């Protein structure tokens, strides 16, 4: 079976129709926004029209599953009878799951902060340099690779061969060049979890860098100029001007990467399959719910994941409140 | 205020409406390919299924080249009967089939590599039991040993498809001949041979547990083979069904015996380094040092024949070949261990039944075998078709009426253990964990 | 649209955009002419200039080191993708420099050996999946973010926090309910409220679009809300006085201002969808008629095989399109997502 454009045409046609149809619907929607009741204090009509498409989809695809998952977490493996808190009790008593929770904690502690810090640092380093665009592209490149692809790349870096043979992994080769013994990196707990986190940092630093770089560039010229005239040092410039200016953006980046970190799944699965004590909640949840047929346990882990997001919600709530006050 | 939000949007809306109504049939594809002439003599074996038509979806874990062979193996069936077969293979089969079934999107037919998984879906009432016609074909084709694995509460749910032989020890006949080694006939000879090879400065064994998210399973094959040979099939069945605890003294003894080889620094890990390196060496790579004379023997299933690089001669006198792992306890003989897929169905439409019937015939087994790198335990399989000598050896042993056959134990245990803690436990064990602690860990994870 | 209204809104947009301008317009100019930043240097003392030159050199060095660290793993894989199978498995990619052995076999195998349809078909599928999924998310997220930021209704902060929290829902947990929605429709009690979607042929892509849109929305709304909510208040006041409704405001005033943010979000969403495997596996299936590139590449590793050599080449084939998209739209990043959030 070869490739023929004729066979592919229906797909492309449906693509065009789908997008055009969607945009037409949105156009009609926007038209009706202004056709509704005018100048009321609470703009129910407008809010409903603007939000309806997104909220309907979210209710269907995310809110309902959350409710379902929460209910399932109080049920047995097949989801056929209620077992109360059993799954949660098991979760916090099985040493194996405790390791999973510890690993997730390691991920959240190190991943977002390091990725953001490196991204910010690099963005500052290359800001307004001649090679800026190229330099940024290099760091951003991992973003274009899927997590699975990135994991394959790093599996290569960590590969091990015995001391007497040629190394094929870069990390061990470096160690050998410096006169050390090659090591089985992925077997050493908890170092292996940190090595997996490196993959996440490698991918996400590009995201942090791109977004923060834009924020740095948006610092008004007069502030920078004023600082230059005052002759502030690099450090005080960073602490007193750059950091406060990009702080809101920094929070957004941190939050976004934190959420991605909590949900990390592909990296662990591709690199270790959750073996060697490297499993994290998202991976364990998938294995329990679908591979082992332990739907209740998998759901309990998912619910725990929802709970972990609460601190982030609180941070966001504060930001929102501050924003409202500023707007007044 | 304007009548319409935007003339462009209006045009787009009208256009898409016109296209939608007019082009619906075009977009939804359709129009099957013309098959072979159903009256031609080559279609004669398929005559009984010719008036059914329709389309059947099959979901399995088999991918890439193996999947192409599958597709070719039933092409004639498609051409002659007009029943279309939509095959999909996924590396995520074990988890995704659960998602698909729960999501109400079950495939018509699935090939289950683990009887344990089959049992789960039978128990939940999702699987359709084998209709009488299929049952009859199954009884003609396979020994009771095999059918028992697809029988749940007295009902046959599936028929076996392919088989593999998991008691093979791969070795290099030329390497053995050059050094005057001989294929061992007993366990003691095996250990003796291992010592001799080690004394000659070569690591006698190699092993590798890494296998993506299934990492650990190759070590379970070791334990299962030893238990089967040391304690016999009855104890093996008790162990698999959790009638004796996982940390029973007999199981511990089997671990100790495997320990003699797998965790013996003098014996492993040929070509890869120390004992720990077993844990991260992929099982696909693990046997390859045999070709370079860096490793003496490798315990791995018959499917490993496909892993040797192109140009490797697999034969009794060639570059590589395999022998059946020798017996340990003379009273128990040489029971063998293996695996395979089972054809289960989630639908009872006539075309689905037709495909199930066809897949249970000797005709199909021979068609598939003709595509290469495959064998089954079907009694009607013509051994002459099998190209690979080790496949022939494996099929011969499996079909021998005197052979006591047991299915891979980890595939029969609850997935939480058989595909979870057992694998994990073995990885940690290789990595230096104490045997008793490993056994207790697995036992504690087994809920009932 | 009456003339007075539209011109008022446009004028308003032009005037009010000035506070945002340093965020959106300014840096683009700066990058285009790097000399601009050097000009005030004449005011500095010679010593300061030397110090500055030194720190610039250090900064460059550090930047180069980081860039090298970041590029090396990819470079290793890239070089590996041109090496013969046997070499990949036995020696490190750096030996290529001392003992060059190059081959195009890996690419040939990945690109042309595909016995079930050419790789091009999977490319088309990836494209057909990714484009609408991106458009839908960007448009819907912009609408929702606007409403959550500027439309007045009680409880909107709570709605926003709810949407924000939804980011954490692992999509693995949504697969089954969503799949059931497509395959069985919605029933409440015994009443079929919505029918099942039984979509043949090319229509089957709709499932994937909807799934990706749902999974992309929370993050999209969150990111755009950050941008939109920080547009200056005056912008809206003036337009409201002129009697413009939210529909007009959104189209004529807000939309032009948030284009950089939209493009940035579109790029990220594009990358995420293009690289996705799980959603595609469940909703698109593994068939050449709908499966995207990632599914095919995952399959290339073989049933039992760690076919490294194919994965190396495959990884680069799949990277090509995201990289092109990134480079083509890179200038929008300079202005950037979230740039609006910097205002003081």
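By written order: A, B and C. Residues from 1 in each chain.
One rule holds for everything that comes next: a contact is a pair of C-beta atoms (placed from the backbone, for glycine too) under 8 Å apart; a residue touches a chain by one contact, two chains touch by 3 or more.
Please read all numbers here as calculations on a predicted model, not as lab measurements.
Sorting all chain pairs by how many C-beta pairs they have in contact places A-C at the top. A comparison of C-alpha centroids places A closest to the centre of the full protein. For this pair, chain A with chain C, the centres built from the Cα atoms lie 12 Å apart. Averaging C-alpha coordinates per chain places the centre of chain A 36 Å away from that of chain B.
Here the CA centre of chain B is 40 Å from the CA centre of chain C.
Counting partners per residue, chain B has 1, 27, 29, 96, 99 as the residues that reach two or more other chains. Contact with two or more other chains is made by residues 10, 13-14, 23, 30-31, 34, 286, 289-290 of chain A. Residue positions 89, 116, 176-178, 201-203, 298 of chain C are each in touch with at least two other chains.
Residue ranges on chain A touching chain B, taken from their complex, read 10, 13-14, 17, 20-21, 23-24, 27-28, 30-31, 34-35, 78, 94, 96, 160-163, 165, 184, 186-187, 269-270, 272-276, 286-294. The residues of chain B lying in touch with chain C in their complex are 1-2, 27-30, 61-68, 71, 86, 88-92, 96, 99-100, 102-105, 282, 284-285, 303, 306-307, 309.
Of all residues in chain B, those touching chain A in their complex are 1, 4-6, 9, 12-13, 15-16, 19-20, 23, 26-27, 29, 94-96, 98-99, 120, 124, 211-216, 271-274, 276-277, 279-280, 414-416, 419-421, 423-424, 427, 431, 445. Of all the residues in chain A, the ones that touch chain C in their complex are 1-3, 7-8, 10-15, 18-19, 22-23, 26, 29-34, 38, 41-44, 46-47, 50-51, 53-55, 57-58, 60-66, 68-69, 118, 121-122, 125-126, 128-130, 132-133, 135, 137-149, 152-154, 156-157, 166-170, 173, 202, 205, 207, 210-211, 213-215, 217-221, 225, 228, 231, 234, 245-246, 248-249, 252, 255-256, 259, 262-263, 265-266, 282, 285-286, 289-290, 299, 302, 305-306, 308-310, 312-313, 316-317, 320, 323-324, 327.
Chain C contributes residues 1-2, 86, 89, 115-116, 175-180, 182-184, 199-203, 281-282, 285-287, 289, 298-306 to its touches with chain B in the complex.
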